Each structure stands twice: as C-alpha cells, then as structure tokens.
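Given below, in the form of structure tokens, are the structures.
The same chain A turns up in both complexes below, where it pairs with chain B and then with chain C.
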Partner chain A sequence: MVRSIAHKEFLGTLRDRRFAALSLLLLALLLAATLVGRRGYATLQAERTLAQRQVNEQFHHQPGRHPHRVAHYGTFAFRPRAALSFLDGGLDAFTGAVVYLEAHQQNSVNFSPAQQAGSLIRFGELSVAFVLQTLVPLLLIFLCFGAFTEEREAGTLRLLLSQGTTLRQVAWGKIVGYGWAAALVVVPALGLAGGLLLSGEAAAGGTDRWSRLALFGLGYAVYFFVVIVGAVVVSARASQSRAALVTLLGCWMLGCLILPKATTNLGAGLFPAVTKAQLDAAVHEEAQHGINGHDPQDQRAAALKAALFKQYGVTDEKDLPVSVAGVTMAEGEAYSSRVYQQHFAALTRTYERQNALSTWASLLNPYQAIRLLSMGLAGTDFAHYVHFQQAAEAYRYRLVQHLNGLQARMGYGDKERRLDAATWRAIPVFGYQAPPLGWALGYLALPALALLAWALGLSWLGLRLVDKSATG
Partner chain B sequence: MRLFRLLFYYEYLHFKASRGLLLLTGLLLAAGLYGIYYGTAEVARQRRHLAELPALGRHQVAELQVKFPGPAEAGEIGYYHHNYALHYPTAWASLALGQRDVNPYYLKLRLLGLQGQLYASENVNPVKALSGNFDLAFVLVYLFPLLIIALGFNLLSSEREQGILPLLLAQPVSATQLVLAKLAFRLAVVLGLGALLSAVGLAWARVPFDGRVGLWLALGGGYCLFWFGVVVLVAAGQRSSSFNAMALLGAWLTLVVLVPSLLSVYVAAARPVPQGLALTIQQREAIHGGWDQPKMETMRRFFTHYPQYRDTATIRERFAWRWYYAFQYLGDQSAAPLATAYANGQAQRHALAQRLAWLSPALSTQLGFNALAGTDLPAHLAFQQSATRYHDALRTFYYPFLFKKIPFTHADYARLPTHSFTSPSDTHAAWAGLGQLLLSTIAVYALGLALLRGRAVSIR
Partner chain C sequence: MPPILEARNLRKEYPGKLALKNLNLQLAPGEVFCLLGQNGAGKSTTINLFLGFIAPTAGAAFINGLEVARYPLEIKRHLAYIPENVLLYPHLTGLENLALLSSLAGFKYSESELRAYLTRAGLPPEAAGRRVGTYSKGMRQKVGIASAVAKRAQVLLLDEPTSGLDPKASNEFSELLQQLSSQGTAVFMATHDIFRAKEVGTRVGIMREGELVDVRPTTTLNANELEQLYLKHMQ
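Take a look at the complex of A and B:
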C-alpha cells in the first residue's frame, strides 16, 4: 500500500506543471551554482598556488644573507582552498587568504574576499549549499503542504482509509513519493559535482574527498527527509491547506533566516573578543616582562648569557663557539611564541563560546545542523580555518627557530658574516596538508546527532501525531 | 469618505482579532528593537576600542622612554613606535553596520613601508561575519517585506475563498474602494511600525537631526511601498491565496536573495580585482631587495623624490637608519601602481554593483542605507587613503630627524602627528539608491493598476 501511494504521489508530482517549473528552475540554479562555484574555486586556487610557488622560489633564490635578515624577509603561507569548497564556500568569503610569516610577530591572515567587496557580498553567495539548505526545503514545503489537507478537502482521505489503509501508511507513502521527487532535483547536481571532482586534479587524497562527498550527500538526504516528514506532519495536523502552508513558511523563515542570524549575533554579544591591538599589546607585555610579570626579557637574556659562559667555561663572549645573539633570539622567539599561543588559544576559545549558542541551536533547528555539517565536510568551517592558522604558525616557528639555530652556530661576530645562497635552498617550504575526514568528524558530532535526532524524532513522535489527526 | 473610514475600521477589527498577524507584528517589533540594540551596542563597542587605543599608545611611549632614557636615534623610535590610524563610525553606523565588522576600524602603523601594514585585518569571528549583522537595516530590508506579504497575500482572495466577496460587493462598495481601504490599513500598520522603529533607532543612536533623517525615512518608506506594489500586482492576478503566497514569497526570494547573489557573482567576474596578494609580494621583494643594493644607488633614487635631503652626508657605515627608511619608502613606491590598481579595482567593483542595484530594490535600499551610514566599501577605501596621508605625515615628521641627525628627545613623542577619521555619509549615493527605488516602485504600481483595470473583479 505504501508503495502504491508513493508511486501515485511521485507520478502526481511529475504531472504537476508548477512543480515541474519550480524544480527545473532549482535544478538550473543548482547546476549553475556548481559550475560557478567550480570556476571560482579554480580561479582562487590557481592564484594562490601560483603565489605560493612564487614566494617559495623567492625564498630559495635568496642571495647570501645573514640568517636573521632571512627571518625578517620571511615568507607567506597561502591558504589552499578545500577540494569540496566549490559546493559549500562556508566561511571562505570571510577568512583571509594569506599570512605573512616573519620573525618576532604573528600576523593576521589577510585579504579575505569580503574585505575586497562591498556589502553586496553580505546578501550571500550563490552556492550549491545555499540552494540545498534554503531553496530546496522551500520547494519541498510547496510540494508537501497539501499532503493531507488536500485529500481531506477533496474527501479522498476517507476513501483511502476505508480501504483498510492506516493514516500512518498514507503518511509514509507520501513521504517516500515526495522523497523520490526531491531526489530527481538534487541527484543530478550532486552527480555533476562528483564528475567535476573526478575530472579535477589528480586523485591525490582521493578517498578522503570521496568519503567527504558521500557524507555530504547523505547529510542532505537526512535533512530533506526531516523537511518532508515535518511538512507532512504539519499538513496532517492542519485544518486547511492555507494554514499548513502559512505554518510551514513561518517555520522556514524562522529556521533559515532569523534563528541562524539571531543566535550567532547573540552569542557574539555575550562573549566579547579582544581586538588585535589588545592581543598584540598583551603578548608584547608578557613577552617583555615575563608571563608572570617577574621575569623580564633582559634578565632572561642575562641569565642565558651567564649560563652559556658557565656551560663552555669561558668568561668572554669572543671565546664562545655559539653566537649569543642567535641563542638569545631563539630563546626570545620560544618565549614570545608560547605567550602568543596562549592568547591565540584564548581568542579561539572565545570564538568557540560565541559560536556555541548557534551550534547548540542545531538541536532546535535542522537548518543550523546541516549548515555546520555541510561546511565541516566541505572543509570550510571554523575548525578548518583554525587548523590552517595553527599550521602556518607552526611552520613560522620552525622556520624562525631554524634560522636562529643557524645564526647561533655562526659563533661570535656573526653579524659581520653571511651564509651562502645554498643554505636557503635546503630549507623546506610551507606546504599545507588539510586535515583528514576523521579529524573533521570530531567537530561535527553535535550537528550530526542533532540531525539524526530530528529524523528519528519526527519519524516516531511526528507520525504518532499523524495517527491522532483528523481523518475527514 | 465615511465609507472608507468604516472599511478601514473593519480592517482594524479584523487585524485585532487575528492572533497570527498580531504575533507576527509583535515579533517584528521585537526583532527591530533587538536590531537597534545590537547595532548600537556593536558601534559602542567599536568606539570603546577606538578610545582605548591612545592609552595603549601612551603605555608604549612610557616603555620606550624607559628603553631610551636619553635622546635617542629617531630611527629606533620610528621602528618600534606604534601609531594608530582611527576610523570612527558616524552615529548612523548603528543602524546599518554594513562592512564595518569585516573591515578593520583602526590600523597600527609604524614608520616602515606602508603597503605591508595597510591591509592588516582585525580579529573577526568568521562565523559571525558569515551570519551577518542583525541591525535595523536588516530588519527593514529582509523582514519587513515578509510582514507585508503576510498581511497582503490574501488581499481579496480570502474574501473570495470564504464566499463573502459577493455579499460585500452587493453593498454600495466598489471593488476599488475595498482594495484601497484594505491597502490603506495595511500600509498604516507597516509604515507606522517602520516609522516607530526608525524613530527609536534614530533617537537611540543619537543621530543628528538633519536632511539625512528624511532620506532614511524615504528609503525605508519607499521600500515598503514597493512591496505593497508587488502585493497589488499579485492580487490583480486574482488567484487563490495559496498561489499568491507562493508567488509573493517567490518574488521575495528572487529580489532579496537570488538577484543580489547572482549579481555578486557577475560583478566579481566582470570586474576582477587585481589581487592584493601580488601587491604584498611585490612590496616585500622591493623592500628586502633594498638591503642587497648599493647604498649610493638607493639614496640617489630616494633623493629624486626628496631633493631637500640631497646634501646629507654619504653613508659609509654598514647600517644607517636614513638608508633603511629610504628603501622602505622606495619599496612602497615600487608597489604603488599595484596598490592604486587594487584600490581602483575595488572602487569600480562597488560602483558597478551600485549601478546594477536597480535590479533588486532590496539592494538599492541596503546600499542606500549603508551609504548614508558611511559603512560600505567606499568609506573603508577613504579611510585607507586617510591612513596613507597619515603615514606621509609621519614620514614628514621623522625625516628631518633622520636626515639632519637631530636626536629624538622625550618631548618629541608629544609632537608626533595623530590621526582620526570619521567616514562621511555618502548622501549622493543614498539619493541614487532612492531614485532607483522610486523608479521600481512606480513601475510595479503602474503594472499592477493596469492589470486591475484590465479585468473585472471575479467574485468566485
């Protein structure tokens, strides 16, 4: 019975010209979004790869220089775009593209697309994720709002039930039928995405990408299921089609427009973050005067020098086999980096606290659950951004300490001398390895569980409500 | 006229009895008040941070005075000392935050090359930036049309569906009168709510009472009128309530969401901005190349820009600050064409978006609000220019110390130039937005009325 109802709904939907027009429109939008996203991805990725290669070559082709000069010359870390970012740009429009890595200080990640655009960009970007998260549910609402009310208004529900069918079977039949219709719109676009992924660069890290794409598809399937079941339940409980439609549209506005913005803004208001100037000043203060305020930098340097004298049994800097400046510099970098790491971690924690409200809201709002899940799987969420920042900082630290080590080994009077050009060619360049899926999933437990809870809760509680709804 | 008042009154009774609509209006009022609170709190936070920066600067000066107890070389001070370029918001920014949350509202500048410092970004929570600002402009541009749709999707269709339209029209009432009275009541509710929220917002943000208040109200009111025009247009089709709801929501989705996001893609493709990446790389290369070039050559190039320092003594030592700052300056000069192209590219991009904004009245209105508040890209570009002039002023201040070898004393800290910039309202752009909005409004009413005239009101 379920199957024949599903079949009838599916065929009915296909014959409905309004649905055909709307879904063709959506399909066109999805395909356009996939292609536009892919092009944008390719352009930015090419730009950043080229720039990274250029600075790497510049670094390797430096003339003979003093290592500390090289540490100030520094290098740049460009953030490569995640392979699936063309499906869901996530935070990419608002996160920077490049960070300058140099001695003594940690710079901000600059040149985010949003900073180079007017407020037009704040209206949102056309992306596959946007269509799937916001527009497809709207289509599903239009598809499902009359599921029960129309049957009731036409008097056909009674007829159906008189054949021995239960309300629950009718509901499942409709859910399955609408599900097929939805798949008809979404699957071609994801197929195209898969094809583009396949035709893209070599399948390096292939399985990771494919499993991300598979989970991406699965996540949206669950999301659409939640929307369809929710809409069918509302339709069963509503007195009229119009009431069902208005209720569902109200839920859509609340869930897709108002709640996400309100919860994030509220969270940000509750936990104010420090500014860059305050953070830099605090880091400087603690690096100068010691983390506890009783350990100033010049005292640390003097103690270090004394320790070196003692270690090598000398009384004059000239007799030391190492350069005091190099050793002091390394110690200072280690100390200030430690201070910076503490402050950066605190800032990240503040941001996580700000975002926690909207993360927990995913329990109330499936839209917010799928949004987090989608970004996380596409590699464009907050956790991935922090991962890049930390990788860039870790490289900066290693690079600067390597150069400090070179300087230390130059011995006394290093300032008068240079190291030859071959030295720089031996230093490995920055290469960013995006974290694997397993790592990303660790951050996605809550939204994934929220979405599953919605699916199970609606199939159980929601359908019990259907059982109790009016029959005719 | 009495009849009109009667109809208006019955609409009021109807509205009062509809729990859903009252709830929606109440929700919107609450959202508007929250938006005003959020916007003013955000701007107050920025102001507080801006006000704290001079204290950070003074603290650093005290530290430098300990580090350099006597007269110091100006080059050392210029290397370490942080100068802050401040971008203060206008009072209007509280109502339309625009891009003020993603663009830095201050810059920390040292005497070093400017291009390496001009594009630093502020700590921003990207999740929040993605969600956007819940300010009054958002409530007016995004949410008000939804209230208008909820109030108007069954403008005539509900009477028809309930079967009371024939009864109504059997009275000495024409369909036009009926529609006009219904519209007038709904217009009064929406415009009243908009005016109330704007008044609260303007007062809360302490906006100076001048012509811009009128411009703000005209933008908001014109935008609401436009949406009523869309409601009339859809009602003129005389379809079912469900159809109207879908059509109106489709219009909302198209004009508020789809057209702007498609435009965003188009504008980015039509005006590719020469990336800032190339610019920073070029500047670093030029500056660090300075270390490896003959000092005579660097100084010769520098003196073509600053001939007044030409008679300074030749540099024989391994390092001299005036040489160091000379090649910092030359590094900026070598990146200057790229920097100009970058800034111009961004400005052109924004100008194109503004020209095409007529495609979506939501966009015209939002850009108009942001222009009024001085919170869009042009304001940030103006701030960057102002910061560039400040950096010039700093160099002009330091150069005599460097080239004439004047020692930098403790008293000189107080003589350092300071900077403060308040973004002006771009009333010109706001007027342009209003013009676009009025044209769309007239167009949609003309179309709707033509449709209404074209056919008789069907009663079933």
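Take a look at the complex of A and C:
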C-alpha cells in the first residue's frame, strides 16, 4: 500500500509542471554550485600549494646566517582547503588562510577570502550547502504542504481510505514518494561531487574524504526526511492548504533565518570574546614578566646566566659550552608561548561556549543541526580552523626552539658567526595534516543525534498526530 | 440469507445536533436501497458511519457481519465507496487511477485486465490512457464503478452519484448499477433523485432530520406516488 501511494505521489509530482520547473531550477543551481565550488576550491588550493612551496623553498635557500636571524625571517603556513570544502565552505570565507610564523610572536591567521572579496560576500555565497540547507527545504515545503489538505479538499482522501488504507499508510506513502522526488534533485549533485572528488588529486583532508562524503549525503538525507515528515504532518493537521503553507513557511523562516541568527547573537552576548587587539595587548603585557632575550639588562636574563655559570662551574661566559643568548631566547620563547597558549585557550573556550549554544539549539532546530554537521564533515567549521591554528603554532614553536637550540650550541660569541646554508635545508617544512573523520565525529555527535532525534521523534509523534487527523 | 449491510439502533449525535436517530436497516445481497432526503437529513452521515469514517454515538453498523467500529479495515475489503463527485488524481490516467485503487484494495491487475474493467464500466477505450484531468464527471464515475468491480466489492455505498450527470450519463450509470445488483452486489445509494431511485432501487427509504421515517419496496408504488410520499414526509 505504502509503495502504491508512493508511486502515485512520485508520478503526480513528476507530472506537475510547477514542481518540474522548480526542481530543474534547483538541480541547475546545485550542479552549478558544485562545479563553481570545485573550481574555486581547485584555484585556491593550487594557489596555496604553490605559495607554500615557494615560501618553503625561500626558507631552505637562505644563505649562511645566524639562526636567530632565520627565526626572525620566519616562514608562512598556508591552510590547505579541505577536500569537501567545495560543498560547504563553512567558515572558510571568513577565517584566515595564512599565518606568518616568526620568533617571539604568535600571529593570527590572515587573508581570508572575505578580506579579499567585495562587500557583496556579506550576502553569502551560493554553495551546495546553502542550496541543500535552505532552498531544498523550501522546495519540499511547496511540494508537501498540500499532501493531505489537497486530498481532503478534492475528496480523494476518503477514496483512499475506503480502499482499506490507514491515514498512517497514506502518510508513509507520501513521505516515501516525496523522498524519491527529492532524491531526483539532490542525488545528481552529490553524484557529480563524488565524480569530482574521484577525478581530482588527493587533496588535504586525507583518505577519509569518501567516508566524509557518504556521511555528508546521509546527514542531508535525514535532514530532508525530517522536513518531509514535518510538512506532511502539518498538512495532515491543517484545515486548509493555505493554512498548511503559511505554517510551514513560518517554520522555515524561524528555523533557517531567525533562530540561527538569534542563537549566534545570544551566544556573543552571553559570552563576549576579547578582540584581537585586546588579546595581543594582554599577551604582550604578561609576556613582559618573562625573559627578554633581546635585552641584556633584563634581570631575569641575568639570573639565568648566573644559573648557567653555576651549572657548568664557570665564572666567565667565554667558558660556557653554550651561548647564553641562545638559552635565554629558548627560555623567553617557552614563557611567551605558554602565556599565548593560556590566552588563546581562554579565547577558544569563549568561542566554544558561543558555539555550544548553537550546538544545543540544534536540538530545537534541525537546520542548525545539519549546518553544524555539514560544516564539520566538510572540514570547514571552527574546530577544524582551530586545529590548523594549533598545528601552525606548534610548528612555529618547534622551529623557533630548534633555531634557539642551534644558537645555544654555537657557544660564546655566536653573534659574530653564521651557520652554513645547508643547515636550513635540513629543517622540516610546515606540512599540515587535517584531522581524521573520527576526530570530527567526536564533537559532531550532538548535532548528529539531534537530527536523528528529530527524525525518530517526528516519525513517532508526528504520525500519531496524523492518525488523529480529519479524514475529510 | 444473512444481511450484507446492517444498522442496529445506529445513532450519531454532534454537540447540539442529532444527526442520525436509531437507524435499523438490513440489506440483502443484490438489493438496491435508495435513501431519499433533503440536504442535512443524515444521508451522508449514514454512509460515513458504514465507512467507519465517523464513530457512532450508540448502536452499531455491520458489513458482512463485521462490526464497522471494531473492524474498520477488514470491512473495507467488502465495500466500495463512490462519492458525489469522484475526483480522482488528475495527473494520472484512468488506467493508473484504477491500478492505484485496485492495488490499495489488494488486487494487482495487468494492463489488459484494467482496460477490460474500464470498458465494462462504459469508459471509451481510447480514454483509458488519458489523464483523468481531461475527463467529464460521468467518465470519472465510470472509473469509480470500475474500481468497485475490480475490488469485487459486495456492497456499494454511493453518495449522490447521479448529481450533476447529464441524462445519458445518468442512465448509463443506472444500467451499471442494475448489472452489479444482478450479480449479487448490494447497493446503498443516498440520492435526491426520486425518479432514479424508483428506477434502480428495490427499496426506497425516506429520511428526515436523522430519522428513517418510511421504507417501501419500489414495486409497490410508481414514481408519482413516491414523489407524493416524499413530499408528504417533508412537510
């Protein structure tokens, strides 16, 4: 019975010119967004790969220099784009892509696409995720709002029920039929995405990109199921088609437009974050309490020097096997890095608290659940961004401390000497490994469970409400 | 012979309104019972009670010995329902509509079998593959009849089936009912059409304000006498 009704809905939907036109439009948008997104991804990825290679070569081809000069010369870390970022750009447009890595300084990640784009980017980009999260539900609402009301208005619901079907069977048939229709719009785009992934070079994001794509598709399948079931239940409970449409459009506006912005604003209001300038000032202020390797008059540097004399049993700096300046630099770096890490962790916690509000809101709003899930699976959410920041900072710290170590081992009078150019070629360059899927699934469990809870809850409670609906 | 359709003290009340007052009625297989009455007399309420779309306040309705309220799905295997205006699915063809209704009733037919049912119900063969959106009301009624036959229904519940049909279509419809009746199908038809009731019915009932006030075999009176009887009860 369910299959017969599903077939009827599917056939009726395909023959409905309004739906066919809307579907073709959305399919074209999806395919265009996939292709344009992939092209943008490929361009940016090529640019970043090339730039990373160039700065690595520049770093390796430095002439013979003092290691601390090399530390100040620094290098750049470019954030590779995640393999699925062409499907959901997430925060990538607004988070930076490049960070300058140098001694004593933890720079922020700069040069986001939004910084380099016109003001129109404020309106958002046409991405696959935008179409899937916002426009496809709208199409589904237009498709499903009359599921029951139109049958009731036409008297066909009584005809179906008089054949021995139940309201619930009719509802399931419609859900399955509309699901097939939705698949006609979405599956080609995801198929194209899969093809593009297959044809492209192995990008950052690693070998788990197929698992990510599969879960991405599964997540959206559950999301569309929730929208379809919700729309069918509303239609079953509504007295007229117009009332069902108005209710569903209201839900769409609330879920896709109002609630996400409200929770973001509420999060920022409840957990205010410090600005970049405030963070830098606070780090600088606290770092002053540590050793300043560049200040020979620094009292803490003098104490460290005295400790080195004692450790090596010497009374003259010339007799030390290590460079006092090198050891002082290493100590200063360790201290300032610790200070930065503390402040950065506090700031990250603030952002995480803000984001947590959106995560919990996903229990109330399936749109927010799929948005978080989609960004997380595409590797373009805040957590992936922080992962890159931390990887870049960890590399910076290792690099600078390696150079400080080289300086320390040069012994007394190091400032007058240089190390051979080959020294720099032996230093490993920055190579970013994006986190695996398992890492992301850890914090994506809540939105995933929220989406599942919506699907199960609506199937259980919603269809019980359908049972109690008017027959006509 | 046990009744195929039966009402025992069947009663339906809405807040502030008595829609059906203790109806007692039995229909034997092959019998055509025409229920006459004004709008709001309780004819559609009676049909809805037999279909199980609404629950009785008291009493019980039975189809083939099964109580409708207790076996709402099982009883639908034995009956077919044709409303006043059979609005099928306009995007589907006559064949597709019939295939859908038959499959919901548990019957799978080949295309040729479906075509045969439609032809037997009087639908022109060339119309079977056309979308129902292009059909006249009479043609849709024929698809409805075809679905009842394909379902092998023992009871046909008809709610004002000839309303709005032209005389030719109405006549064809009556012939179809008589055919079904001769094959043992019981027909319960709510109608305003006194002359059609006299023509196809084996018994007529007159309902007024939810009460079945008169029941007569159609053989005992002619059309004019039936009209006079009806008007007398309506005064």
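Definition applied: the second predicted complex is superposed on the first by the 455 of 472 C-alpha atoms of A that agree within 3 Å, B and C clash if a C-alpha of one lies under 4 Å from a C-alpha of the other, contacts with A are read in each partner's own complex, and residues count from 1 in each chain.
The criterion applied here is as follows: a residue touches a chain if its C-beta (ideal position, glycine included) is under 8 Å from a C-beta of that chain, and two chains touch if they have at least 3 such contacts.
None of these values were measured; they are calculated from a predicted model.
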Superposition on chain A - do chain B and chain C clash or fit: fit
Partner touching more residues of chain A, whether chain B or chain C: B
Contacts of A:T49 with chain B and chain C, given as first, second, both or neither: neither
Partner chain(s) touched by A:R158 [first = chain B, second = chain C, both, neither]: second
Partner chain in contact with A:T166 - chain B first, chain C second, else both or neither: second
First, second, both or neither for A:P63, with chain B first and chain C second: first
Touched partner set for A:G12, first chain B, second chain C, both or neither: second
Touched partner set for A:Q299, first chain B, second chain C, both or neither: neither
Overlay on chain A, chain C to chain B nearest C-alpha distance, Å: 18
Touching both chain B and chain C, residues of chain A: none
Residues of chain A defined as touching chain B within the complex: 29, 36, 40, 47-48, 51, 54-55, 58, 63, 65, 69, 72-74, 76, 78, 90-91, 93-98, 100, 107-112, 114-126, 130, 134-135, 138, 142, 145, 241-242, 245-246, 249, 253, 257-258, 260-262, 264-265, 267-269, 272-281, 288, 347, 351, 354-355, 358, 382, 385
Touching residues (chain side chain C, partner chain A) in the complex: 51, 53, 73, 76-77, 79-81, 83, 85-89, 91-92, 96, 100-101, 103-106, 131, 151, 157
Contacting residues of chain A [partner chain C, same complex]: 1, 4-5, 7-8, 11-12, 15-16, 154-156, 158-166, 471-472
Chain B - residues contacting chain A, complex: 20, 31, 34, 38, 41, 45, 49, 52-53, 56, 59-60, 63, 84, 98-99, 102-104, 106, 108, 116, 119-134, 138, 142-143, 146, 150, 154, 161, 241-242, 245-246, 249, 253, 256-258, 260-265, 267-268, 273, 275-278, 280-281, 284-285, 288, 291-292, 346, 349-350, 353-354, 362-363, 366-367, 370, 375-378
